[in-house]
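Data block below; observations after.
As written, the chains take the letters A, B, C, D, E and F, and residue 1 is the first residue of each chain.
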Amino acid sequence: MKFAVFKEEIDRRVAVVPSTIPKLKDLGLEILIEAGAGQEALYSDAEYEEKGAQVKSRSELLKEAEIAVSIHPLAEAEMKSLAKDTLVISQFQPFADADITGKLKELGLRAFSLDMIPRTTLAQSMDVLSSMASIAGYKAILEAASLLPRYFPMMITAAGSIKPSKVLVLGAGVAGLQAIATARRLGAQVEAFDTRSAAKEEVLSLGAKFVEVEGAVEDKGAGGYGVQQSEEFIKRQRAEVQARAMKSDVIVTTAQVRGRKAPILVPKETVEKMKPGSVIVDLASSTGGNCELTEDLKVIQHNGVYIQGNSSLASLMPQDASFLYSNNLLNFAKVWMKENQLNLDMENEIIASALITADKPA
Amino acid sequence: MDTIYQFFNENLLLIYLLIFTIILGFEVISKVPTVLHTPLMSGANAISGVVIIGAILLIRQAEPDDYLTLSLGFLGVVLGMVNVAGGFAVTDRMLEMFKKKKAKK
Amino acid sequence: MAIDFFINLAYLLGAVGFVWGLRLLSSPDTARRGNIYAGVGMGLAIIAALVAPLEGANNNYGWIIGGIAVGAVAGGISARRIQMTAMPQMVSIFNGLGGACAVVLAMVELVNMSNPTAGGIGIALLTLLIGGVAFTGSLLAFAKLQGLVWDSTITLPKHNIINMVLLVGTLVVGVLLYLQGAEMSLGLLLTFLGLTLVYGFSFVAPIGGADMPVVISLLNSFTGLSAAAAGLIYGNQLMLVGGILVGASGTILTVLMCEAMNRSLLNVLVGGFGGGGSSAAKGTGDQVAKEVTINDAAIQLYYSQSVMIVPGYGLAVAQAQKVCKEVDDLLEANGVDVKYAIHPVAGRMPGHMNVLLAEADVPYPKLLDLDDANDALPNTDIVVVVGANDVVNPSALDDPGSPIYGMPVLNVWEAKHVIVLKRSMSPGYAGIQNPLFFHDKNRMLFGDAKDSLGKVVSELKNL
Amino acid sequence: MKFAVFKEEIDRRVAVVPSTIPKLKDLGLEILIEAGAGQEALYSDAEYEEKGAQVKSRSELLKEAEIAVSIHPLAEAEMKSLAKDTLVISQFQPFADADITGKLKELGLRAFSLDMIPRTTLAQSMDVLSSMASIAGYKAILEAASLLPRYFPMMITAAGSIKPSKVLVLGAGVAGLQAIATARRLGAQVEAFDTRSAAKEEVLSLGAKFVEVEGAVEDKGAGGYGVQQSEEFIKRQRAEVQARAMKSDVIVTTAQVRGRKAPILVPKETVEKMKPGSVIVDLASSTGGNCELTEDLKVIQHNGVYIQGNSSLASLMPQDASFLYSNNLLNFAKVWMKENQLNLDMENEIIASALITADKPA
Amino acid sequence: MAIDFFINLAYLLGAVGFVWGLRLLSSPDTARRGNIYAGVGMGLAIIAALVAPLEGANNNYGWIIGGIAVGAVAGGISARRIQMTAMPQMVSIFNGLGGACAVVLAMVELVNMSNPTAGGIGIALLTLLIGGVAFTGSLLAFAKLQGLVWDSTITLPKHNIINMVLLVGTLVVGVLLYLQGAEMSLGLLLTFLGLTLVYGFSFVAPIGGADMPVVISLLNSFTGLSAAAAGLIYGNQLMLVGGILVGASGTILTVLMCEAMNRSLLNVLVGGFGGGGSSAAKGTGDQVAKEVTINDAAIQLYYSQSVMIVPGYGLAVAQAQKVCKEVDDLLEANGVDVKYAIHPVAGRMPGHMNVLLAEADVPYPKLLDLDDANDALPNTDIVVVVGANDVVNPSALDDPGSPIYGMPVLNVWEAKHVIVLKRSMSPGYAGIQNPLFFHDKNRMLFGDAKDSLGKVVSELKNL
Amino acid sequence: MDTIYQFFNENLLLIYLLIFTIILGFEVISKVPTVLHTPLMSGANAISGVVIIGAILLIRQAEPDDYLTLSLGFLGVVLGMVNVAGGFAVTDRMLEMFKKKKAKK
């Protein structure tokens, strides 16, 4: 089967790196890669060829692909030129873009949406959300430290004493936890907040403080994802967050609710009460942001507070990000490539969840 | 009461000895690390086989034709000796694992 | 005179050998030497007893040498042949035989009445009583440990009351015999003998199998006391001193063993249904996970060649990374090779374990990833699983019905031994039971990981 | 005395921050500050006024200043408009710019060059080189981590294992040491090299490895500064550095020799042998750089290797940098302001060294 | 009979009191209780000695009670009045008096010859010898500790040879006396007495002042032995047992004390010019920096209310941050308030100490900067300077000639005590000598900081 | 030699007692933490004042007019008592600083 890897248009990552190619081939896949696809991630075409991939132009790929792979979905126009029944693998975010499934079906394509892989222990090795969120959390702190006009760590020096920065992490999922760990490493004082009760232990397990707000709603059925909270809770939470935010130098927000706009945890009013020079890194910016003022993919300044709304921080670390993405993809491919054949076994929970074009029982 | 007084006064040294022995027994054991509890128990058990001395003395004092006493004494010696020999041997085996390893470097 | 001197000196040296031996036995470095000293002391004493001048003695050396030979061979061989794991029951049976020896001496004394003073009779009766209890008690302890009898089959309802009645009965018969003095009836004497033996048996019956070591230690101090009493019969200071020494040290040792189990001696003896008590194994259904004590764990680690630590989310929760490194350092200082096996999904975020271990300054080359760790595991002596669960679950490999079937895990069961540190039997993130806990090679060490490791550190420092 | 603080033209820092103003006034100084001087460093004019400074325009300052203070020297033209005998305080770098002393004298100005304050224990509280170098070292690692397309820390994850980055620090002065500490915090493996023998212990004291190259020249008379090394040594050193560099992900260079061009420790050839995506942060860029390819104040890419030549990293952290600078200045002022009077006691070693316009005995 | 029983029982209880008291004295928690037990034992014994029936005794209670009263008042008052620092010399003088008492008993015995058996004479001579040496030896030890005599003034050249000759001479005279037996000449006896006293003096003379505690312990065990020997004269088991106990424990204690100083007993007694030996204070010129031992440091820290740690570059060099935190934790667990004083230029880069302490997880609020620390110092019990030097140099404040004059430093000398941990007397970065080291309140603890703190940790865990 | 043998055989219990006492003395001290060396030395010193018993017995047995013996005995009692009373008191003072503090929390 021809497994065609496209170059990303707006991202420095690439979906497949040379080192995974031999293993993909072992599964019975023939690897085609768009010329220059890995360049930004520092993988050269020569390396791909050396590992046994065929470097082709984009139009050739569109023509030949039996499996079309990219990190961000291909443009609709391009998808049209794919052969019918082509298996497209990307992150379609069907929760955010409700129409996409319909469109794909219309085009006669079969589609795996990697972001729909269940967040189970078994599927973790294919979970691109985890690996990319982890990078995002790490990068968020580096971004914050770069933007912050102050030191992160405490410094008692001959030229004066500097208190450690206070970092507040809102949402302690994968990205939040990584942000906590990184901030602590850099010497900051870290507090975190989440609505999931398990998050408290997880935060403490990284040596940070947990901010308690009582009355959060939890849904065990949500598979570990956060759920929509009551109005009253959100009010209480905002008050608590605002109290902390005013003392914080850096806020990293990661709170997402699947299929909904991200909750506003840091309203304009809070931002205006923060110290000038403070930094907010909003990792939820692609779904509207946890900060009211966030603009996606932009750094803005409001009242002296920097608000970084880069929802694609993983792209800033393209080499490792691509490596991890590529491994996720490989592990995922092992699920549906059996004896050199595509085997879309709908009994398999992972396939059933990820194959968004298949009809699911309500 | 008087007999007790008398016994006490006459055997004063013995009583000192017994009391000091008891204190010594306590003292020797009281700081033993838990890992040694079992071997120590085993070692103490072997020492309790000292009762074999009694059996030996019993046989030596018996009439050569007093077969009942002799066989009982024989039984005593066997029992005591099993306790003694087995006890020390088993303790030694338990302690084999404590052989000090040479540390790296 | 001179020969008396040397005999007395030999006894004295024997006594000093016992004391010094016991003293050395209480430190791991010198314990073996201590055992040898005590043994040499015993040898001296036996020789002295053989050659001591005895007025009008017939000696009958044949009988003695024969008995010694038989006993030595029997004791020596069984001690050498016994499996490491069966040592405690062996000790128990040896101890019982010592008690039996005292019983024989006392019976002979009482039947022959060569020394019919009131004191002599009293002491002989005491020897009989204590020795008898030690004898049958030890035999039952042996049987329990060996798994020959089950606690439930021999425990009667209201067993404590029965025991009390038996004890009082035995004592009453004893007093009667004492009052009969030189004219004691053989029948009553045999009744007394029978009662002591039954009481010894009955005394141990209700005590749970897990508490047997404590009981053996107690019975051992009984044997010591009976030996001391026999020493009074024979006017032999060495028996007296040796017996008293064992009696005293055995008693304190018993108390210490109880303390180490966090229980009182009374609790063990009376209320102690050890089989179902606090030290019992926990499990679901009919499977039973076996526990290991802190000190056994420490000693196993200390005397191993290679140790693999498998950290999991529990390490993070307990914040045990630093004390874990301390264990590592102590083991490395003793020449143990310590590595860490990091499962890719251990913890709650990618790299969770890396962050923690870096914080504790564990050097990077000590961290093995999944594949390297699985290669190394078969040659590992002990795996210490610190708060990990899902990542060491064998169902992933052999139970197609398991939700994690197919996930590569750390095959810790391929190592020689596994110790799992966690607080309870509750499952990990994936919410599934872990058959590893019931694996033959595995022992559980329940408690907060930081706590448990802290205690292991203390134990290691004592070694 | 009128103490006039100028706004920097190309720097986000400001020489004096509001919190030090009361203390400066206690010394008998009257503080004038240029409007908007603190803005980039997040100190508002209002704050300055509140603390008792007079906010004025630049031209007013030039007219009234008795003491003229800035971080970078004022332009020559502006200096001309200062009254004669005005005391100018800045970093003139007389070693790098040999003419400056002459020029200042010509203009009839007296000048304190803060970079000439001796590096003694006593003077450390006035030592702007130390406080700014410390920021530079910290920022260098943040810059490197931001540029590096890879993770710094080790990560064993479901999507693959990532080795810790290797960081090589060349020159273990103040900046180098801070870089070492920061890199170690972020989880990198750190090696460092310096020619001063004391540096070895200092590097080890931060838990990093020291790279030994034998035969370095040391001059006890250089006051702790590095000195020019023999040709042969530099060759050996380059070979050693090259061997390490090829395995490194990040190189931070800080090696400076006072009054000379910085030594080239990383020639082009070495750069070309490095892994693509690796990062060189060259803190010696203002004196030519330790890397042959460095361009001052620029990030360039050569063969996939990023070379960051920002010699003014402290400016990226303007708030704390200004705070520290300001404290240094205050401590320095305490030396020459006695009883509300300027007291240029040339017996005082600190004044004698820093007052570059005074004639010194050869 | 009954009265004998009670007397004997009282003596026995006295003996047990001594044993148990000593036992409890060897653990800090119980030491005070142990002292009381031993004291009660002594009280019982004295009462028993007073009331014991003695055939044909004249009692002369007045003399006894008078003596007891005088002794008790004198001993009690001097013990209460003495300064804490002068305790060792007090012990020494008490010990000497005990030896003198034995001498008196022996002299009376030898002069009166109420019991002229060979054994009796021998024992009395022995009592005299040991007691005499203990007497004058202790007095000299006292004088040395009190600073009344200087080592050099009383040590002759080749003192060891002189000692040897003296000892042999004394022994020869003793043997002569023994051979004279009941007919011994008073002159020779007095010569013997004189020789023992001179030997005791001469024995202690060459031993350095710093080694005095060891010597006192040794002399104490001599006194014990002389008491035991006197016990043989009077056929009193308690004196015998008590004396032997002190003799044995004193001997082992002496050995332990030597070990703690890393020297052998022989080295102390013969080669030991302690005044200039390894444990001597180091200094330049005529100033002397006093040292503190690890255990004294540990105990001072443990029983203080507030401790301030001053880290410096040496902490970083030694990489002692983690063990420093361990000391902190142990002290906090005992209720000691521990803070860190961070001097702005400590270390070799700005924030050096912050980096290290963060690595060891010291919470930020525990770190005080210069001003806060200087405010807190006067109320601090102990300052521990870990490898800092320039930043605690008082010359910065009071020596206008110093190159760091004018720099604010941590005024650690304002605290009650200071302990400086460093490897030698060498200066820090600024290359200048530090008068703090010679400050009255300061004690040096030489050695690598990680090492020293590690040992302090062990000591703290023992407390 | 024979006298020694005889002495030994006749005083066997005494010798046991002495040896056990010595062992006990060693044992009790051998694990003492270094911090307690000085107080322990002081405590042992107080115990060595047991020699006062001898002085008391001496006076009690003396003739009431034997002033030499009486005064020497008196001296002995005084010396011994100073050792005893002073010894225990000084030890107690040294040990005062070991009073267990209440730990926080």
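Keep in mind that, in the parts below, a contact is a pair of C-beta atoms (placed from the backbone, for glycine too) under 8 Å apart; a residue touches a chain by one contact, two chains touch by 3 or more.
Since the model is a prediction, treat every value here as computed from it, not as a measurement.
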(message) Counting C-beta pairs in contact, which chain pair has more, D-E or E-F?
(response) E-F
(message) If you average the CA coordinates per chain, which chain's centre is most distant from that of subunit A?
(response) F
(message) Centre to centre, using CA atoms, which chain is the farthest one from subunit B?
(response) D
(message) With touch defined as above, tell me whether subunit B and subunit F contact each other through largely the same residue numbers, more than half shared, or through different ones.
(response) same
(message) Based only on mean CA positions, could you tell me how far subunit C sits from subunit E in angstrom?
(response) 42
(request) Return the distance between the CA-based centres of subunit A and subunit B, expressed in whole Å. (result) 73
(message) Can you compute the centre-to-centre distance for subunit C and subunit D, using the mean CA position of each chain? Integer Å is fine.
(response) 68
(request) For subunit B and subunit F, let me know how many angstrom lie between their CA-based centres, rounded off. (result) 32
(request) Going through subunit E residue by residue, note those that touch at least 2 other chains and give them in order. (result) 19, 23, 237, 241, 344-345, 350-351, 355, 361
(request) For subunit D, jot down the residues that touch at least 2 other chains. (result) 124-125, 130-131, 134, 153, 155, 157-160, 162, 185, 187, 207
(message) Give the residues of subunit B touching no fewer than two other chains, as numbers and ranges.
(response) 13, 16-17, 20-21, 23-24, 27-28, 31
(request) Quick one: which bits of subunit A touch subunit C in the complex? Just the residue numbers, please. (result) 120-122, 124-125, 130-131, 134, 137, 174, 177-178, 181, 185, 201-202, 204-207
(request) Note which residues of subunit C are touching subunit D in the complex, please. (result) 342-345, 350-351, 353-355, 358, 361, 364, 367, 369-370
(request) Can you check the complex and tell me which residues of subunit B touch subunit C? (result) 17-18, 21-26, 28-64, 69-70, 72-104
(message) Which stretch or stretches of subunit E touch subunit F in the complex?
(response) 18-19, 21-23, 25-29, 31-32, 34-36, 38-39, 42, 45-46, 49-50, 54, 56-61, 63-64, 66-68, 70-72, 74-76, 78-80, 82, 84, 87-88, 90-91, 94-95, 97-98, 100-102, 104-105, 107-108, 112, 213, 216-217, 220-221, 223-224, 226-227, 230-231, 233-234, 236-253, 256-257, 260, 293-296, 298-299, 303, 332-335, 459, 462-463
(message) Under the stated contact criterion, what part of subunit A meets subunit E in this complex?
(response) 153-161, 163-164, 187, 189, 207
